[in-house]
Every structure is written in structure tokens, then in C-alpha cells.
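Below: a set of structures, written as C-alpha cells.
You will see chain A twice below: alongside chain B first, and alongside chain C after that.
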Partner chain A sequence: MNDRTKPSSLLTTGISRRGALKGLGAAAALGTAPGFVRYAQSQSSEPIRIGFQAHRTGIGAAYGRWYERTTAAAIKRINDAGGINGRPVEIITEDDGTDAARGAEVVEKFANQHKTDIVYGTLFSHVVVGSAPAAGELKMPYYVVSEGYHVASGKMNRYVLQPGITDVRAQCRSVAPWITSNVGKKITMIYPDYAFGHDHRDFFAPAAAEQGGDVIAQIPIPPTESSFTRYLPQIPPDTDVIYHVMVGPAVLTFVKELGEFYGGSGPKLFGFIDSLEAVDINSPGLEFLEGSHFWEGMPRYLQDGASEHEKAYREAVGLDENGASVNDAKDVSTAAHMFGCWETLYIIKAAMEAAGYRGPEDRAKLVEATEAMTEFPEGAEHPQGAKVFDGKVHQVFGSQNISVVENGRLNVVHRTSIEDGRYEPEADYTTQPL
Partner chain B sequence: MAFGPYFLLASLEGLVTAAVLALTALGLSLVFGVMRVVNVAHGEFFMLGAVLAWAVSTAFAGHPSVGFVAALFVAPLVVGGAALLSERLVLRRLGYDPEATIVATIGMLYIIQQLALTFYGADARPVQAPFNVRIQLPWFGYSGYKLFVIVAAIVLILAAWFVLTRTKIGLVMRATQYDRETAQAFGIPVDRVYAGVFALGAMLAAVAAVLIVPIQQAHYLMGRDPLLLSFIVVIIGGLGSLRGTVIAALLIGLSDGIISVFFSPTLAKMLATGLVAMVLVFRPQGLFGVPAR
Partner chain C sequence: MALIGYFLTNLAAMLVFGHEQWSRRGECLSVFMRMIARLGVVEAGPTVDARKGVALCLPGAKLVNAEPLPPSGTLFLLLALGSVSFDGLMRTFFWLGLFGINPLEFPGRSAVMGLGTFGLVATFAVLAIAFFTSIGFGERLAGAAGNMLPAAGALVWSIIPISMAYHFSHYLAALVVNGQYALAALSDPLMNGADLFGTAGLHVQAGVLMGAERAWMLWNMQAAAIIGGHVLAVLVAHTIAFRLHGSARATARSQVPLAVLMVAYTVFGLWLLSSPTGA
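Our next item is the complex of A and B:
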């Protein structure tokens, strides 16, 4: 059976003198090649290096693609305007495979191999939770764009910050009053059975109860599930509203099966757009969503009253009116989240300038300068709207949008205030040593 | 919802799972039975079938059924071609050595997955069902297409059974499975049989994927679950046994549907893997397998 197997040629062929000399020569040539020349100028003109922990592959790849585009657009705008502290900014991207263990390795790689100044850009909560200890140990400022409650919960560490996107707890609190007064009071929640879904489970029900609502059933769904019909009988018949948060490729199935199960009747729907980020709302099978409501961090479709800043941001990132790429109408964006990349990069810029950041020795100063920030006015740097930052919990607070699906388009019907999402902070990172 | 209709819904869902699983596992079982190759890349052939179904069905304008029927023929053929190519380029050169082919098919798994990510992208894309009929039962509505999937899978399995037991091709395959050397001595081109079986196994996975893709979506990571479930089915049913594969697929599909509805999906998975362990301990050849000679 094994007669084809031969001993490896590496073991039998010796290294010749000529071969060895060639190898040495090539190595020497590489060392003197242009790319390897160290910066001859003073240190201050060397670029600031931001390590971008990107979901290029794995379950978050669609988000990752748009996070990269938004980051590139923001960095181009920052560099065109003179960079940070007069230094150009360079993005070094590493794929974390949307995997928690790989995420921690990537943080270490940024610190030890790429020697980046900071790490930035992670979305999926399990990757943030997996990477945060590495960032803390390496004393590497870690700016995430993740929206999970884990940062504000105090369970991360002093080096983990979320200044560019609101967290799930604030989102739940913001939308609860609107749901109970406009859609219905008896609510059934359907959510993925892991950290992100648990944030919704833990924070929406109390917020709804405060407003006179009642969560009558909570249906967790395992994240690997690909078919949902069998969960639908668990929805109590007297449900007014189905509150759904699903993430991953199966969401189209979920909506389709909901439509098949209920037909034209059934409860109203309120969903988080997380489910349908990067998915065309007019995909076959999604007709059932017509008339239902969604939370959106930032509107996908260009709204009538959009500000100049919002329009400029959309143009810089390359979004058409429908929130798809200007180059490909089928390439739908993750508009409700990716603005967080843009805003986070501008906060990093502001914090570095406030701290007089020169290099890795100033990382602690950078964290303190970020913590000292309080308000971000709406503008070109913050196109989603004004925000308030709480340095103690390292979390930003802002407005949320509620949109309705009308004629295959998401139209904003309500915008919450910043105060709607505020809650009593449960942690204080500033007491931790740097 | 009352117990009766709830049970009916759970059984219907279980049958859909079982139908697709039976087809996929049959391919895996065939390849192992005849070639003694554990094809870890089987799930990726499934994924490839789904991705191609999307590509073919979007290439056809007009009624979605036109694109779907085209996909039903084109996707398995292309996947079969890809499998044939990888059999010629990789498995044959390894002499079908059982250990080496496991490692090689793991490599193929990653290559196919990354090619899909590169050329197809990371999005989950829907394929329109050939028809949209909603069957309204007194208690709930159900997708007519899902019932069609069950029927189509039964037809395909009967066809596979017919080919294996009633045709000369099937006879040649069974002879090769029974005793490779003797088959060769009797003039059976074992080499070509292997190539054909590997392609056929991949095509069965691809057909299953085309059937399921209007229910789920085509996604480059969708191959993992079918692979794991197929292994479970094939181990319980007995490697290389068509009857065992179908019965085990029914068992796993229905129990998954019913247990996860009434108890929890995690319990269904625990019971399935527990059953695998029991079978491996007490009846290693599987419920319907023949002990290795």
C-alpha cells in the first residue's frame, strides 16, 4: 500500500557550498533593499502605527470588509489633513478569523512583531473578551468598536476602551419606551444563546418593565442553528411583539420561516439590524419584514434630513443612497455599526494630540487622555451624531435610530436622545493602575 | 400550541433534516465503503454545491424554477468534476493510504473553503425556491418546498439504491468494496472505479446542498455541520451500508427535530454523540455494517 511513499528529499539532499553562499547573498541583499532601510529622519516623522484587528475571515467577514473600508476612508481623511501630531498614520491589518484565541495572538503580534502604537477595530464580542487580557498585560491601548456591554461592565481592564459606538445595554434602554408605547406591551424575545444575546436578555426585559411592558417569553437559540421553525411554537399566542436579535448567515432563514409559520397574521416585529447587516432588505424571503421596525445605529438608507457631515461621510466611505457600495449595488454595507470605526479613529487622533503622544512610552498618557474626554459634538468627525463619553466605564453614549421597512427601504421614524440610553455606571476603570 | 400539532411540526422539521442528511451521509459512506478513504472534505463539496447553486440560479433570469432546475444538474456535475480532479491529483498519488488521505482531505477542506471565500465572498446568499407554496394547516403554516425536499430526497435515495443493487456499475462497485485484489484479478478497473466513486460521493453531497439551499443560505462555512452529522450517521449506520445510512439518518434527523423542540437542542446533540460512543464500544462496525475481514 505504501510503495509510493519515498523518504523526504530534504533529508537526503545535503546542502552544497554553492547553495549556502547563494542563500547568504540573498539574505544580505534583502537587508539592504529599500524597504528595509530604517527611518533616517528624526523619530517624529515616523508614522503612527495603528494595529487593526480585522474580521477578514470567519463568521464576521462581511462586517470586517466594511470596517476595513471605513477605516481606510477615515485614515485617508486624517492623513490628507496632516495626520496626528503632524505624523502620518499607518494601518497594519491582521486577520483574527473572528476567533477569540486567534484574537489574543493578533494583539501579541501587534505588540511584539509589528510594534504598533495601539490596537483597534474589533467587533465581535467573543474576540474582544478573548483579546482584552492580552492587551492589558502588554499595556496596549485597545480601542474596540464592538457594542457589547462587556467594556462598560468593568470586566475588561484599563486598556480596553469603546469610545466610538454605544453598547447593547444603552441600545435596549433607548428603544424600550418606544416599543412599549408604539408597537405593543407583551413581548417575546428571540436571541442568540451567547454573550451578545445574553446582553439583550439581561437588559431589555427590565427596561421594558420600567415602561409598563412585559416580556412574556425568552427564546434563546444556539448560535450554530440553521433552522428555526421548531422554535416558533414556543412563541406564546398572546404575543404583541417579537423582539428578535439574530446574528449570522441564518437570519434570512429565520425571517422566511417566521413568514411561513404565521402567513399574513401574527405578532408585530421589532428587530436589531445586526441580523441584516450586509444583507439586502429586498432579498427573496424577506418580504415578511415589510412594515416591521428595526434598531439602526446609523441609517443604512440616505434619509431626507441627513446632515452635510453624514453625506460627506457616506461619500468618503463609498456608499450609495441605498447603503450599498457605489461600485456594486449588491454589496450592502454594515452601516449601523461601521460609523464607529470612523468616530473611534477621530477620538484616537484627539486623544493622541491631547496627550502629546510621541511613542509607546506614552501609552498610559493616551489612556488617561481618552478617559478625560467627555463630549463629542456632531460634526465631520462624528457624523452619526453628538455623543457623551463616560471615562469611568470607558463607554460612549449616543442617539439610536428606529426605522420602519417601507417599500423595501428602511426609513427612520424615531431618533432617541442620548439620555434615553444612560444608566448607572457599574464600574470605574480609572481606579485601576496603569 | 397543543402537543399533537407541536409534535407534527417537530417531526416534519426532523424529516427535512433527515432527508438532506441521508443524501450527504450516503456520499460519505460510499467513499469510505469502496475506497476506505475518510473524506474530511466531504462537507466542503456540500458547500461547493450550495455556492454553485447560487451562482447558476442567479445566472438565469425569469422564473426562479428555471435557475433551480439548472442548478440541480449543473452544480453536482461541476462538484463531481472537482472531486474527480482532486482524486486524480491527490488521493491516487497517495496510493489511497488511509492515514495520508485523512491529512490530504483536511488540506482539501481548507483549500476549497478559502477558494470559496476568495471568489464567492463571506456573505450568506439566498437562492429562491422554485415555487413558493405555503401550506396552511389548522394550527400553523408550513413551507411546501420543505415537503418537496423530503420527496426529492426519497426519490434520489431510491435511485442510488437501484444503481447500487440492480446495475452493472453497482455490481462493480460492490465487488471492489468486497475485495479489491480479487476484483482487479477479474478485470475490474479498480482505479477507475475509485475515481468514479469519489466523484459520485461528492455529487450526492452537492445534490443535497442544492435541495437545502432555498431553505438555508449558501455560505462558505456551511460545510462543517453536514460533515459532523454525516460522520455520526455513517458511524451509527455502519460504514458502506446504504440501508444503515438511511436508517441512521432518519434516527438522527427525527430525534434532533423532536428532542430539540421538546427539550433542548444541546440535549439532542448530546444524545447523538452519546449514541456514537455506544455504537463504537459495543458494535464498532455500526448497526448494519459488516465487520472488517
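Our next item is the complex of A and C:
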């Protein structure tokens, strides 16, 4: 299954190539200033073709649907403003079935059949890990929106980049200072017993300890578990905070049983919205979450202090005030993650323009141009906020939001600094040959 | 490629055996469609003045009067039911857990092709064994001697309502959402940016399945179909059995094992609907 999104307008003028590969922020600021833009006839009016590896079916379908909508909105805005290097952008979507083996096939199909310039958009970690070798062998720039630590870990390759969404390691680190100084120091972690949960266990516990916190218990839950009552007595009675990252169909049961176990009192809760992405926070059984805190990559609910850029982004994607589709109030978005698609596409645009990208022969230059980026200022292209990019680990760093559930909505109470999430890089992709 | 292969194979077979023969006995979709058409409530009526009449009948009435199926047809119908049942079973936490697959991190279908093939064949085998055992046991209880295959061929028609109920319940959610993707694709079948029916950029309303209210509605529709399908199946089976045995006493005895199987299958169907799924 694939389709192409027609560019909504074909412009004859465009932004010319910029030689300087440094500080995209400065370049973007210049680009918006009249007089600095040298309008030039582009060398080719052939569209730039971006292969979108989408989770249309399989376990990633709810995320995939919103990744597609965000992508369509960003591409429309990019094309309305003249495309990339004066060329319209065409999105070619292929369903990977949220299937690792299929993911690699899709990358090959983009390279050999659709002849796309790059591949973009993958979320689920196992599909990224499954597809990355194909991207590396085909020398196909592969821009993922996955939030996994696998990119920054150095286990991928030179062609795999994650410039539009922060990774789970940074997210865990970012929230640790706020939890230990505002919620409590004695922390019990409850997490699903596989890679996703282990990432939280391995990255949060040391970060909390650095901040004077103490993870007094770690309770792994087998992934196939559908009732949790026998695990709850393992929570030490002197726990201040329960840090929970349960995911899957049993989340509602987990919250309900936790509520029944404590009967309205008990430790405070801190969770990751990954548990409830695309789920209405007002679903029956979730009442116990009132007053609890969540990490959110980008706020689901429209906040009072939302910037103009954020509002414009929400309108373009089609989000109502509650973070559901404007066409369908029950269709709750994956707001905490999907902004990464929008921001990644703008980074691709900026990198292609910086590299003077003409076609597949410039793919290596495109990777180098992306690696050379350092800062992305908050703006229409980066509505989630300012970010810092580390070209060595191919990973972006940014601010995180901590929200409280109040009257059935998530209100942001704290925004972490970019520095809160930084860690010592463990890799350097730039030493690998292109 | 697979589609072209399928088309060419069937085209060749039709040239060899004739269209009527092949679509009646060889091409599986035609065979299946012909079978499920017997669940319809419209039938050909008497011919008056060379004009064919059309009459209404009770659901399942055409199953009761159907010619007994040969053993291959009987197995085919059981496979049709078994495949949908397994399509449900293979997504459950239970099934994935049996083979050590983490449903929260489902690796994708490619990784479970071997397992899926095994499960499909195993489900079919278990269902076929259970069905033939029920029929054989029932025939003995009713005092019938000899070959039980004709009875199986007649009674297997009662599986049609169950099969249809499973199809409805299992694919309802997919139909409601993926049906919208299909509508969008219809308007632009060649993927060249066309918009033939104005649905090319259709906003897929995934919310139709979301929220507690919708889940309640969906579950009740699915459960009602499963139960309704089985009730109809029992009625059809009883009627066929009465035709086979002629007496109420023998009929009742012959139907005990099959009725037990159908109740068990109802429970299985409802369990499938309520099980957490991960793939």
C-alpha cells in the first residue's frame, strides 16, 4: 500500500543554497529576513521525494495515523512556502506493518523502486533497528522519529539520524531533578519487563540518585500480565513516588487496580504519557490519575501560555483544545511524540538547503550537513521548543514538559531545560566512512 | 505478483475444466461465496409463465435443504471457520505468551510466519477432529450404523452461520477503519493524485472505535453476532438431524455432542473477544 501526496503548490522561486553548514538557527533567522533571500530559479523542478516508512497497520497503527497527519500538514506548509531548494516535496508512503523485517524491505523498495531521495518517519524501535542496516548498505539517509536510545547509543550507522525528537535516556534524566525536588525522594519504579521498561530502569535510577533521590524498589511486570494486584503489595510502604511506565491494553486495569489498592490515598504518581497516548485521559477507570504527574514531549491539551507557533502547528495538524482531531473528538492524538515528524521534516529541508542537495548523488553531503547542525531555535519550524543537536551521536536534545492531571486535563507545571537531559555521548558516527 | 499468479492459475484451470466446473469446485473464493450465499433470506421461487419468481425464506432455511457436502467440501468449510478463529487467537496475549513473544513489543508478522502457519494448520486440525468426533459420537448415540461422512456432510452446513458470525465480529473493527482507507484508495487507484469520487484525501475517522462508549457498543455487536450465529447454527443442525433420523428421540440423541461443541465454540468466541491482544 502506498500513496503520494501531491504538492499543494508548485513554486518557481525558492531559497537558494547556503554554503555555511553551521548554526541552522542563525541561518533560519537570516532566511526570514527580507533582502537576505536570493530568489533564484532552482536547478530542477523535479520534486524531492521523501519515502515515509509508516506504521499504517500492526501495533503502531494509532501512532502511525497521527504521524501521517502531522507529516501531511508539515509538507503542505513546506510546499506552500516554496518547497525545498525551490523544488516541491513529494511524500511516498509505504506501510511497514510495524514489522522489523518488512521495514528493511520498505527501505530497499524506496531506494530501488520509488527512487526516493531519503527515507523518513519511523517510530517503533524494532523497525528502526531492523531497517537501519539496509539504510546503511544502500547509503540512504534515514531520518527516524523514534525516541529510542538506539541512535545515540552508537549501534546504528552513519546514515541513521534522529534530529527531531529526544531519546528516552534524555527524557528520564530530564524529569529526575523535578521529581526528587517536588514530588519525593523515595521512588518505586513499576515498569514492563522488556527493553522499553529496562531503558527507564537503567536511565532513570542513576539520574534520580544524582539528584539525591533513592529508587527503593523496582518492580518489573511480565508483559503478558493483565492483572496487577499481586504486584502491588511489593511497593514499600515508605514510598513517596510511584514511577510507572506501563503500556499496552492492560494500562487501564493497572491504574484501576492501583487506585483500588490505595483507596484514594497512597504515594504520588509520576508516569510517562506513552502509557496513554491516543487514549482519552477521561476514560472510565482513570479517575485515580487525577492529581498525578506525567511526562509529555509536547502538551496534548492547549495550554494558556501556548506560543503562536504552537497554536499554528496545532491548527495545521488539526488538533482541538483537548488534543483530539478537530474532525473527531474521540480520536485522541499522540501529541507527545508526533511533533517530531514536523520538526524532522524542517530539519531535512534545512539540511538539504545547506548541502545544496540536488539528488541521490548528494546523499553523503546531506548526512554531513545534518551532522553539522547545532541549534534549532523555537519557531514555526520547531513549535515544541528550542533544541540542540549533537552531530556525533545523531541525536537532538530538548526541553520536556511535566504536566499534572487537573479536572480531567493535563496542565503543564514545569518545563525542563535542555541541559537537564544532556549526558556524556557514547559514540561518534562522524568517524565512520560515508 | 501473488495476485497475478492466482489469476493466471485460475484462468488456466477454467480453460481446462470449464468456467462452471472450476468456479463451482476449484476456485476457493467462488466456492466459499456459493456456500455462504445459502445463508441468504432470498431464494428462487416457483417459475410461473416462464418467469422466475423470487421468494423470501427464513435465515438458514436454504442450509437445511442443501445437498450434503463431500468430505473435501466439509473440510473446506471447517477450514473457513478455523482460519478466522486462528486469526483471532494468534493476536491474543495467551497465544503469544505460549511461544515467548512479547505482545507489547510484537516483532511484526514476518517474525511469526512459521508459527502462524503451524497455528493455522493446528487450529484447523483440532476443529476438524472435534467436529467429526461429535458427529460420529452423535450418530452412534442415535443408533445409526455405518459411514458417518454423509451425516457430517449434511450437518456441516450448520457451521455457516458460525463462520459468518466470526467473520463479522473479527473483521468489524478492521472494516470500520480500514474500510475508510479503502474508500480513499478507490478515488485514486493508480496513485497518481486522481480524485475520482471525492474521497482521495478522506480524513480517516479512527475515533469511531475509541472511548469506553464505543468499545461497549462494538463489544455488544460482536458478542450478539457470535451468540446469534451459534443459536442459528444449533437450529439448523437440529433441523438437518431430524431430516436424517426421522424421529425426535434419535435426533435429540444425535445432537448432544455437536451442541456441546457449539456451546464450547461460543465460549471460545466470547473469550477471544474479551482477551487482551497485542498484534
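Going forward, the second predicted complex is superposed on the first by the 387 of 434 C-alpha atoms of A that agree within 3 Å, B and C clash if a C-alpha of one lies under 4 Å from a C-alpha of the other, contacts with A are read in each partner's own complex, and residues count from 1 in each chain.
We take it that contacts are C-beta pairs under 8 Å (C-beta built on N, C-alpha and C of every residue); 3 or more make two chains touch, one makes a residue touch a chain.
Worth saying up front: this structure is predicted, and the values here are computed from it rather than measured.
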Fit-or-clash call for chain B and chain C when the two complexes are aligned on chain A: clash
Partner chain in contact with A:Pro223 - chain B first, chain C second, else both or neither: second
Contacts of A:Pro284 with chain B and chain C, given as first, second, both or neither: both
Chain B versus chain C as contact partner of A:Tyr194, first or second or both or neither: second
Contacts of A:Pro233 with chain B and chain C, given as first, second, both or neither: first
Chain B versus chain C as contact partner of A:Phe261, first or second or both or neither: first
Partner chain in contact with A:His150 - chain B first, chain C second, else both or neither: neither
Touching partner for A:His244 - first (chain B), second (chain C), both, neither: neither
Stretch of chain B penetrating chain C in the combined three-chain arrangement, among 2-10, 200-208 or 254-262: 200-208
Overlapping contact positions on chain A, where the chain C interface meets the chain B interface: 1-4, 57-59, 62, 65, 224, 226, 248-250, 278, 283-284
Of chain A, residues touching chain B in the complex: 1-5, 57-59, 61-62, 64-65, 222, 224-227, 229-233, 237, 248-253, 256-257, 260-263, 278-279, 283-285
Chain A-touching residues of chain B, taken from the complex the two chains share: 1, 5-6, 9-10, 13, 16-17, 64, 93-97, 100, 117, 121-124, 126, 128, 134, 136, 140-143, 215-217, 219, 221-222, 225, 257, 260-261, 265-266
In the complex, chain A residues that touch chain C: 1-4, 6, 56-59, 62, 65, 96-103, 126-127, 130, 192, 194-196, 223-224, 226, 247-250, 278, 280, 283-284, 318, 324-325, 327-332
Footprint of chain A on chain C - complex, ascending: 93-94, 96-97, 102-111, 178, 181, 185, 188, 191-193, 203-208, 210-212, 214, 276-279
